[in-house]
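In what follows, structures are represented as structure tokens.
Shared chain: chain A. Partners: chain B in the first complex, chain C in the second.
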Partner chain A sequence: MKERMDSSWKLTETQLREWLHGLLDANTVVAPVEEDGVLLFRRITSEDQAVIESSGKTRWSPKEFLFPRSEALYRYNFTGGTVQLDDPPVPEDHQILFGVRSCDAAGLVRLDEIFLSGTKDPIYAARRESTTVVSTACAAADAECFCTAVGGSPVGVEGSDLQLVPLDEGWLLRVLTDTGRDLVSGATDGWTAATASDGKRLSELEKKISEQIERSPVKREWSKILEEGFESPAWDQLAQHCLGCGVCAYVCPSCSCFDMNHEANAFSGEQCRSWDACTFALFTRHASGHNPRATKQERYRQRVLHKFAFREEDEPFRCVGCGRCVALCPAGLDIANAVVAAVEAIREEGADGAR
Partner chain B sequence: MALAEASPNPYEPSLMRIHDYHDETSDVRTLQLQFVDDGEAVGFAGWAPGQFGQFTVFGAGESVFALANRPWRPNNNGGKPPLIECTFRTVGKVTSALRAMSKGQVIGFRGPYGNHFPIDDWKGKDLVFIGGGIGMAALRSAMLDVIDRKSEFGEVVILNGARSVADMVYTGEMPAWEQVEGVRVVRTVDPGGETEDWDDKVGLLPNIFEELGLDPEDRIVVACGPPVMLHYLFLSLGKTGYSPNQVVTTLENKMKCGIGHCGRCYVGPFSVCRDGPVVTWAELNELPKDY
Partner chain C sequence: MTEAHAGVVRGGTGSVAEDWQPHIVALVCNWCSYAGADMAGTTRLEYPAGVRMVRLPCTGRMSPLMILKAFEQGADGVLVSGCHPGDCHYVQGNLVARRRFTIFRSLMDFIGIDLRRLHFAWVSAAEGHKWAKVVTDVTAKVREAGPLPGFANPEGWDGIELPAVTGGGPQELDTAQLDAIRVNLREAASELLAAGRAGVVIGYGVGSLPDQTVPVFVTETADCAMLEWGHWCRNNLATYVVSALGQYERVAVVAKTCDLGAISSLIREGQLRRDQLMVIGVQCPGIHNGSELAGKCLACSGEPHPICDFVVTADGVHESRQDPSEAALDMPDVRDEQIAFLESLPHEVRWRYWQRQFGRCLRCYACRAACPLCYCSSCIVEKHRPQWISTAIDNPGNSSWNIIRALHLAGRCSGCDECARVCPADIRLDLINRKLALEVECQYGKVGLDPEQRSALVDFRMEDSEEFIL
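Coming up: the complex of A and B.
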């Protein structure tokens, strides 16, 4: 006798495509698409375009569909001594982010922490409210992956409304939220209810991938050590090869820092928000010329510490371990290794100091 | 959609007309601004000294300035709609464009942002305001409030320092401040910045402060100025027996959003625009040296 697994279904590849086909009717669907040999999130118009695989990730995270690379925060006309302000249009369509890896789905929650805390960002909030996330668990780790080293999991559900788990054949579909339930309602005819034995697949994958990711885990209590070692000379060496190109921040699913500038002609303009990076020298430079982070060492330290320190004990790291910054850094810097090296160096300095 | 409808766009500024201005120095100007729509002033009625705003020159961009006018209280503007004042130095694109604007032209303002000086906690205490150059702008609102309510405080010393005589701000209004009993203004310029007919002090602010020999007992020090001035001032304060809890300053970092989202003003876990800009020296000591 097989025990029914709560709100979970088993789908064949064909059933998955049929479901996706149905979703295209009433929603804007964004999914991984192959373009010139590179996987990228794109709006799809046909279910066949989506690349839904048991492993592998897009070059860029899906964050730009909630937090675009560049967008108007408001627009204005200024002619004849008067100024007229207009809110930018907010897309009315419901958006589905389909085939998002677990790390990237968790990254969206890190964005929420910023944009929905304190004074809410209404533009982000509107997009977020009309977005449903269908994540895809991983059956294999990419070379750069390290989710399990930073508290994540290849089958993690943080930020997901539904989750697809690759089975040996077909998919396990887990319904995780009410929003997720809305997306399958009316589509389940002919689907097989999943059983508890299908659920074992989750722990199998978690174990398998933890073994594939050979990095030593970043411990929660290291945050304190990193904070105490703020002025450690170790940062000089760790940041030595940083080019300050900012690619790490751009590809990061949780990096949320932005710049604001006016783009205008003689008659009209807009307050434009665009992605920024803490590794850029201008990021913190005052009008006076004073720069609190005048060197790349200080800037790289900020990047690492903003991900791994200055957080309450019960808050997850701001790094979700997708590894894109590791894979794409032109200087070969590796944030997870940097944390381990910094902590080691700070501990040694402490021991030397005590001697 | 509900979220978006419930909260107004925090980035969209209120429109303000340049009512008047006063040139403090060759590159520092104080603007008086009036809400184009008087009704909008109501939304800002709760602001307090120490807070700041984002000022927009349409076509150029935004700049952060401290709110420099006295707090709005019933009838303190003769029943006229309340004004906002800011003092800025012409440094870059936005401030140059702002400097080029004339009376009657419209700019944008959003705010108030950040925390404020705990002025009510200072009641009954002696106060020293120490401002270096344009740093005085961040203190002006608090100083005007304290002078207006002088009977609630002890002795008030205002130490106004500048690089040179020509760079000193608020010189026009300082004589009026000194008219109030128990208010003393000390002016100093950096060595080499004096003119032949300068009869006030010559010396760096921290040194002049030490020279005054003020008793730290029951006294609050409120200081704002460039990082290097604050560094040496804190050394002087330590030497003369002040505890970090009786020293208040403002952290000035590059800011863009004003609401803790854009990420550039962080000092460790501390977002200057949201958690600051007003901090005690004691609080500053808890933060990483990243400002």
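Coming up: the complex of A and C.
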């Protein structure tokens, strides 16, 4: 973990809310709120709406504020016998994603890798450019959490401009980037500068939570094994009870697949980009009816391998270990266990083959 | 809200200009009402001009999708009009349409559409005067109701809290009893496999999270030891039966009483035969969602139903298999109080409540995947020629999707609540399904467990109620 604690403060809960109140003036602030009993990221209009806790996560990740569930890439309408084309709106407000868990912040970096490497996606890039991320470290792990097994950390700073760390009393606020510094400038009057002993809290939390997460680490060399064992019959067994819905992909902080559709009536329309998931049969079905991933087993394998394989040596896993897909899967599929089981099976098959 | 639909969004129903004229879409039968409207024209009758007609071959062709599309595209009201009962050019199309409309109408009412917007009429080719009167009356009603409220997540709305529901639930089973049930279940499964009476037993195994089970497919007697039982056996395993029959000649499935209705419907709808199935009914302690007993369990006894082939209790296993034609599945539901509460609220509040629920929908289709009765190989939401339901993951498409899915299950849904359990957005699909079940029962009577009975919306009676029909 990079140590860039050049400026950090200790804030009381009141100071935190006052700061958040100030941020609402010039920014669009998105934070966890409770809606009908579900914790979700929503745009907030008052600092009291935000649910900033020392542990627990929203039902799904905040990725929809960078990569919306659906968005128009262009629009058109017919008037007076001609067609008028409209470009998509450019985000005007600066957006702050507030109270993002460390795993989710890392998930946003995984999205960046897809949308900003090579040919940049201009709509995503514009939105990303005007977004600041304030993450919240965790003081406890949920049952499904496994960030430490995939190279993440409950106090990780990847993807964060600022980080809030829960202390026994109040919060430790760490400024991590220049963009983050802009958010605190002018607000620090009356704040207590953090001391080196406050910094110890980070390693304490990391140790405590690593112990809570009992799962053994997913090893980086397993990616190769998974790729080599692509045709392993083990997948039949592993995905036998998969129901083929898209919960896993839609709640995932790093899943980035989308579909294009034309949404139109006789007078106007738009080219609409919407989330899609590799677990749907329709995702790969050709116009001819042929489907290169014809079975749910092949589709589930695709999802697992896209998270844990199909990567260059120096690239991280695309799974950030938030565990949402494990907790919310209607059939109880567990991606981390599936990786372990697949690797074991592939190794055994290899050993049998060598005999 | 996407731009293609932006024209539809209106404000609240508060201030409407004096000269405001509603948009009304009329879905009319070619053989009667269309000609009746023609008659009104040739007779030079005057009536309001705000109605756009869509000519159908028969009201039997009328689909709720058409009505939803009309609302999405800016209609403030919809009128469906066809031949009088007994006069259908296709003998019975209008009678099927009458049932479909009745149930759709009650759902639209429940989710907050003012019923002054939704009308059904019998107008024959000779009834030009009736057509003019129907259009005049309908226009006046829709004007009263005002512009359709927008399909959008109500921002800055505090929401409403539904009354809490309580109930005793099934008899508590202590650890020793649950252990005994597990032993008996494993033994029953093992005997079935050993005797070759089933190729696979679909049951519950231990999951990777605490308090979680996963569906398992047991084919070897030695593996029967992995079968679990307890509060965490949530899935309705009937969902897996049809695909398992592709692999095995006969399938055994572990079932709670709430799972049986779905099995019965699958047989009724020709998806499997009773003799392809061995149902192992197990005494249920009630399932937990989180730390609480699930809503569907609050009024359930947990006793295994005698139509099961095997009944497993803490005391032992016995073969049962009561004749299903005499069996009823009486499942009182304490959540009816929540439905009644919602129905006591004004339409605008209900509309906001459901728009917010539907607004959260991610279109992950977990509801569809987990539902034992959503077995279509190609779902209406995936058809795009024409595309009835917007693919944009937002309202109004989200509303249409949830409404249509519920309607496709009306009269078929057995209330296992799997859709509501798996919904990551906690949309109260259970209330919608239950509301429809109550309405179907009230209008057309109860469908029991007998696979020989027809489900309500593929059936009709000449004397079906039609109190709202003009």
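Simple rule for what comes next: the second predicted complex is superposed on the first by the 345 of 355 C-alpha atoms of A that agree within 3 Å, B and C clash if a C-alpha of one lies under 4 Å from a C-alpha of the other, contacts with A are read in each partner's own complex, and residues count from 1 in each chain.
Please note the rule applied: a residue touches a chain if its C-beta (ideal position, glycine included) is under 8 Å from a C-beta of that chain, and two chains touch if they have at least 3 such contacts.
Nothing here was measured: the structure is a model prediction, and the numbers come from that model.
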Practice prompt. Determine, for the superposed arrangement built on chain A, whether chain B and chain C clash or fit.
Written response: fit
Practice prompt. Please work out whether A:T14 is in contact with chain B alone, chain C alone, both, or neither, and reply first, second, both or neither.
Written response: neither
Discussion item. After the superposition on chain A, what is the angle at the C-alpha centre of chain A formed with the C-alpha centres of chain B and chain C, rounded to the nearest 10 degrees?
Written reply: 80
Practice prompt. Using the superposition on chain A described above, determine whether A:H241 touches chain B (first), chain C (second), both, or neither.
Written response: second
Discussion item. Touch test for A:S274: chain B only (first), chain C only (second), both, or neither?
Written reply: second
Discussion item. Taking the superposition on A as described, I'd like to know which of chain B and chain C A:T119 touches: first, second, both or neither.
Written reply: first
Item to complete: Kindly classify A:G37 by the partners it touches after superposition: chain B alone (first), chain C alone (second), both, or neither?
Response: second
Worksheet item: A:F230 contacts which: chain B (first), chain C (second), both, neither?
Response: first
Discussion item. Quick one: is A:L333 in contact with chain B, with chain C, with both, or with neither? Answer first, second, both or neither.
Written reply: second
Worksheet item: Touch check for A:W60: first (chain B), second (chain C), both, or neither?
Response: second
Worksheet item: Looking at the overlay, what does A:D259 touch: chain B (first), chain C (second), both, or neither?
Response: both
Discussion item. Rounded to whole Å, what minimum CA distance do you find between chain B and chain C in the overlaid structures?
Written reply: 6
Worksheet item: Hey, what residues of chain A end up touching chain B and chain C alike?
Response: 259, 261, 264-265, 269
Worksheet entry | Touching residues on chain A, where the partner in the complex is chain B | 73-74, 76, 78, 81-83, 85, 87, 90, 114-115, 117-123, 125-126, 128-130, 227, 230-231, 256-262, 264-266, 269, 271, 276, 278, 283-288, 290, 292-293, 298, 302, 305-306, 309-311
Worksheet entry | Contacting residues of chain C [partner chain A, same complex] | 2-5, 7, 73, 156, 159, 207-210, 212-217, 235, 239-240, 356-357, 360, 362-366, 368-370, 382, 384, 387, 390-394, 418, 421-422, 424-426
Fill in: Interface residues, chain B side, partner chain A - complex
1-4, 7-13, 15, 56, 58-63, 89, 91-92, 95, 104-106, 108, 226-227, 252-254, 256-257, 259-269, 274, 288-291
Item to complete: Quick one: which bits of chain A touch chain C in the complex? Just the residue numbers, please.
Response: 35-38, 40, 45, 59-60, 69-70, 72, 75, 86, 143-144, 240-241, 243-247, 249-251, 259, 261, 263-265, 268-270, 272, 274-275, 277, 280, 282, 326-328, 330-334, 337
